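In the part that follows, the structures are each spelled out as structure tokens.
Each of the two complexes below includes chain A, the first together with chain B, the second together with chain C.
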Partner chain A sequence: MPRQCNICQTARAIIRRPKTGQRICKECFFYVFETEIHHTIVDNRLFKPGDRIGIGASGGKDSTVLAYVMKTLNERYNYGLELFLLSVDEGISGYRDDSLETVKRNQQQYDLPLKIVSYEQLYGWSMDSIVETVGRKNNCTFCGVFRRQALDRGALMLDLDHIVTGHNADDIAETILMNILRGDIPRLSRCTEIATMGDGYIGRSKPFKYAYEKEIVMYAYLKRLDYFSTECTYSPNAYRGYARQFLKDLEAVRPSAIIDIIYSGEAMKVAENVKLPTMTSCERCGYISSNSICKACVLLEGLERGVPKMGIAKASSKQIEQDAPEVARRGKAVEPVHFEKLREKALNIRKQRMLNAATSSCSKDTALCECTGDSCQ
Partner chain B sequence: MADTTEKETPKLLINVEFSDGLETLIKDEVLKKREGRSCAQIKLEETYGGSPATIRHLAEYIRDNCIKSKPELFYDKDGVRPGILVLINNDDWELFEEDGIDKHDYKLENNADVVFISTLHGG
Partner chain C sequence: MCDTSTLDISAAAEAPSRRKAVPGKCIKCKAAKPNVAIRRIQYCRQCFVKASVTKFRMAVGKSRKRVAWPRTKVLIAFSGGPSSSAMLRLAADLQNMELKGTDAMPPFLGAVVGHIDESCLFPSCPESNICAIAANSGIQLETLALEHVFLPTEDHLALLELVQTALAPGAAKEQLCVRLSKPAKDASCAEQLQTLFSNLKSPTDKEDMLQAIKTALLVQLARNSGCGAILLGDSATRTAVKAMALTGRGRGFSLPLEVGAESQWFQDIVAIRPMRDFVAKEIAFFNRWTRQPSAFVPTFTTAEHRRASINRLTEAFIVELDQDFASTVPTVCRTLQKLETRPDALAAAPCLVCGMPAEPDAHTWRTRLTIDSNVPESTPDTSENDTFDITSCLCYSCQTMLRHTAPGAQLPGFCSSRLHAAAAGSSLVSENQDRLRKQIENFIISDSDSDDN
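Presenting the complex of A and B:
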């Protein structure tokens, strides 16, 4: 059944676009996919020339395609961006160590500098050691909370302006559903935004917000990109799994379901009488938080004191205190670097860079390796 | 499955690849690694009950013979589980879905390449 591409009318169609139902050929698919991302970036003014952009890179398909497309578009349209791969090593053996190998290959393939920050180095706890302590039930909470901060910490170490992540349309639709199902109104109102201010210093955005997972996977497959696809060895997020399957069932019946849910999420407005938390800074680490102590610091304290239920359990704080063992701080007790300090350092790096740019004619960022130290590669 | 009762009919050889986590569902003895890809060669009958072999027959064969456990993660009551992309000879199988025609009814020829890609796993 050969059929022609709906766009160029000459080549043979190889994919049906979920968004439009168009049947298009390989070259037209690459072109429209990339061009849509370009429009998303330009229409939403995600970046400005000279911005230093960290691509949150896990080695998985979404972030690998993101790195490839960001590099392609930056060159094609002269965005004038400086791109970096920014990876988080959660310390999950048999999973993240393998996927980080993929990121290291991507670094070579795309010729982009790579920075890896690890939980071990930032918090003194790898996910393997956390799971050893808390078991497999709530470990995803630790991982999620720590990852968000870890990316911001890594970004400050490189003095980045902005982090892009590979969240796609399916992910966002899924998150909207989950937040509705959980009654999480603050997250519901935030999760549809294409760009947020992150920790208040480093912006975050999702250039794939309107890109279907099907197209990202097809793009990676047809371009033969090198990516990693193994499920995390620790318990997968069951709730998200249900939302995902539900969404895929809907998509099978009506492919526009995904974009429609995003549209609904964007259009919803939180009622005026709904109380939203006000944001403040964590007293301990300076990270943005809705409480006086941020979630990461609470979780860390629980780990250190041998009461890992802190911050996750429904148990009363009294019960948690009672359960606390006599010997406090049995963990490795790495005090996470205060965000003010990180910001100060970032500022110094910036000054140094400007100085270097003024005195040297070399356009290559020579300050990078000196300033980031240890694991900058 | 009909394949044990129709031993006399010629076989179709189908080259199958499992990707993006689907390979973890497949029995090790079925899979062959080729250039980092998880592949399998599957023999189908040319016809089933008088009609030519289709992608549905292939999927059912995989469900019944190649999956380690939880076949429903590959094939649910209606067919290949939503969220699994299928490429037939490098074409998105959704191209073959027309008014009233199920993409599962696509007729397979000898030596066809079929790729199953999961989008149900994390990115």
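Presenting the complex of A and C:
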């Protein structure tokens, strides 16, 4: 005999909800999933009407569902947001090129403007060429550091107010556990924040902070969303693997564990006498940094000078200097555009847009069209 | 007892020349052949025992500096396991040591060993063995049995009983309602305790409840025997496991109080954890070399698979990770030292079940993010009978536990005492007034009402 949905008591239950263990029907699942995201957005006041929001889109399940849900909620609850897809091309052949095809299809399906920024274009190095130099170990550090900046650069090119990323509850819980295990106090206090101000110009937030990974997959599956699912071809982060496995086990013991961990993480308070790094901007590129030169610039310098261990290995800077080859520069890198310049450009786009809006009744702005092309820098 | 200055660990760390190891020799005396390596530092047997004694003494001294408590008697919590056995030995030595100089007086006026008898739940628990170990220390032993929480006292003649609330189909089963009930007449305290545990769903919930009961009983023991401090034997390994497990159970709010070196949450009683710098291996060697016996204390997950409960899983995880990354346990302990209790936690009322701070908005937080009904803001109908909604008096983690608990379960006596205390304080009184107001609502005339209403 088919089971009834625990929520509506009428339709046939087709899934067991990972978060609560309830047996529910498809429509009720969509309702609870979307409403929880809506609560997250409203309770935390993530956006204000008229905001231009970039959705960090990789083509994977999280960002595909994020784009779909953001579009749905924006229409349903009249958030008044302007949505954009923002993708980063790391230059990993056999992985990112395929997933970007998915993003391009999503652009068509959801009818949202798309902007792609590539490592090659921003830094002069693609991940493939970085791995060639660095090897398979530690390359995730480069990718992660560069991606964070790349998203902000892309957002400035489009003059966005805010970037949303598809980090889900599992990611956050895992990060909390990992930061306790590694003793990373600054990150432990930061990782539970749902919205961060970033460099003070573009905010960032994670609307899926409380959404279970399994439910995101379920949502994508039931809505038949088009997403790309393959692991990155380069090695995964080994230490995170331990935390991930532990989290999966915890979830098996008690399904609410993931959200319980986030609750715990939010309640933790770093003692007042613990020194936390203060944020300044990088001398070279103007990006937010806790040191005088940001990690991305240090890593880039290392790449250029042929000492890729710079900024990664624990070796002293003296040792690194000694190991540096005679030829100072390989001449491969592009000098990254200074953030001040990008901000100036963004301001100009904004002015232009306002002007256009004032002069013409047509709401489509020319400044935007100028900037959605792939080759735009 | 030898001169302590030569054993001072932190002083040794500051002076690099004394820290320098002689290859193949003990790090301390630099003469004897080493017998044990703790985190790659090698000690001979004698120096290791001396260093342990000093470490314990310094831990108590440091706690004393951070939290000045009046010189009172101390309750040494003793379960019988390796860590608390080692602590009993160390604390007894500290109390009995010869006094030298002016500041070398024992930190406590006197000591009492406090033990909770768990044989009601674990018949295989070697009670007589544990009592023999305690007696060996020469310190007075005070024991309370777990079932003691069901003894009727003046504070609680009636117990809180979880009730199934009548809700619309599809409505959230979030509210936790209780009513006051008398225990079954012919049931002994032990039977009541066993019934309570059989009503708890998972081993994780049982562990939570057991911990709550043990904490309440230890505090009671300390008060009964006039102690102003409790020594708890959480080792470094245990602290790391506990911290991760507490995080996984949603207890981040009270975490600093539950694993911190010292906590003053229980107002008149300071809880101190002087063993938190000892990893499990150190304790094992200390007990072996000082011939300190210890007992095997069974738990709900003894001989179970690793996914049996959150505590069991976390322990397996930390122990394995510590094998691959040797500094895992000390790193987690250092992380914990940098966390502090939030001011709103210190101001919060104690949870009815665990006695730790109950954060006021825990319930709302969960319901906003875990929707399990399509009936908005449903409230159970409690107007007709004598049930109370106790959700706001429970911490997040105990809400989770009780939601899984079968209706009809009778909670330990201290829960109803705490509810009485809370009601005398504030929140429930106003809630009851609201309820009364609702009943007579139609008869109250307010200024805004129009005449024809």
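Throughout what follows, the second predicted complex is superposed on the first by the 368 of 377 C-alpha atoms of A that agree within 3 Å, B and C clash if a C-alpha of one lies under 4 Å from a C-alpha of the other, contacts with A are read in each partner's own complex, and residues count from 1 in each chain.
Just so it is clear, a residue touches a chain if its C-beta (ideal position, glycine included) is under 8 Å from a C-beta of that chain, and two chains touch if they have at least 3 such contacts.
Predicted, not measured: the structure shown is a model, and the values here were computed from it.
Once both complexes are superposed on chain A, the partners chain B and chain C fit side by side without clashing.
In the superposed model, A:55 makes contact with neither chain B nor chain C. Look at A:296: by the touch rule set out above, it reaches neither chain B nor chain C. After overlaying the two complexes on the shared chain, residue contacts for A:249 are found with chain B and with chain C alike.
One of chain B and chain C touches more residues of chain A, and that partner is C. Looking at the shared chain after the overlay, A:8 reaches chain C, while chain B stays out of its contact range.
Remark: in the superposition on chain A the angle formed at chain A by the CA centres of chain B and chain C amounts to 70 degrees, rounded in steps of 10. Within the superposed three-chain model, A:261 lies in touch with chain C and out of touch with chain B [touch as defined at top].
With both structures placed on the common chain, the touch criterion links A:85 to neither chain B nor chain C. When the two structures are aligned on the shared chain, A:122 is found in touch with neither chain B nor chain C.
Shortest separation of chain B and chain C in the overlay equals 10 Å (C-alpha atoms, whole Å). Shared interface residues of chain A (contacting chain B in one complex, chain C in the other): 249, 252.
If you check the complex, the residues on chain A that touch chain C are 6-9, 19-20, 22, 28, 31-32, 35-36, 39-40, 43, 176-177, 179-183, 185, 188, 210, 242, 246, 249-250, 252-254, 256-257, 259-261, 263-272, 274. Against chain A, the residues of chain B that register as touching in their complex are 19-21, 24, 81-83, 85, 87, 90-92, 94-97, 115, 117-123. On chain C, the positions that touch chain A within their shared complex are 169-170, 202, 204, 243-244, 246-253, 255-256, 306-310, 313-314, 317, 321, 324, 328, 331-332, 334-335, 337-342, 345, 359, 362, 365-366, 368-374, 396-397, 400. By the touch criterion stated above, chain A contacts chain B in their complex at residues 1, 3, 13-16, 23, 58, 60-63, 166, 168, 170-171, 213-214, 216-218, 221, 229-232, 236, 241, 244-245, 248-249, 251-252.
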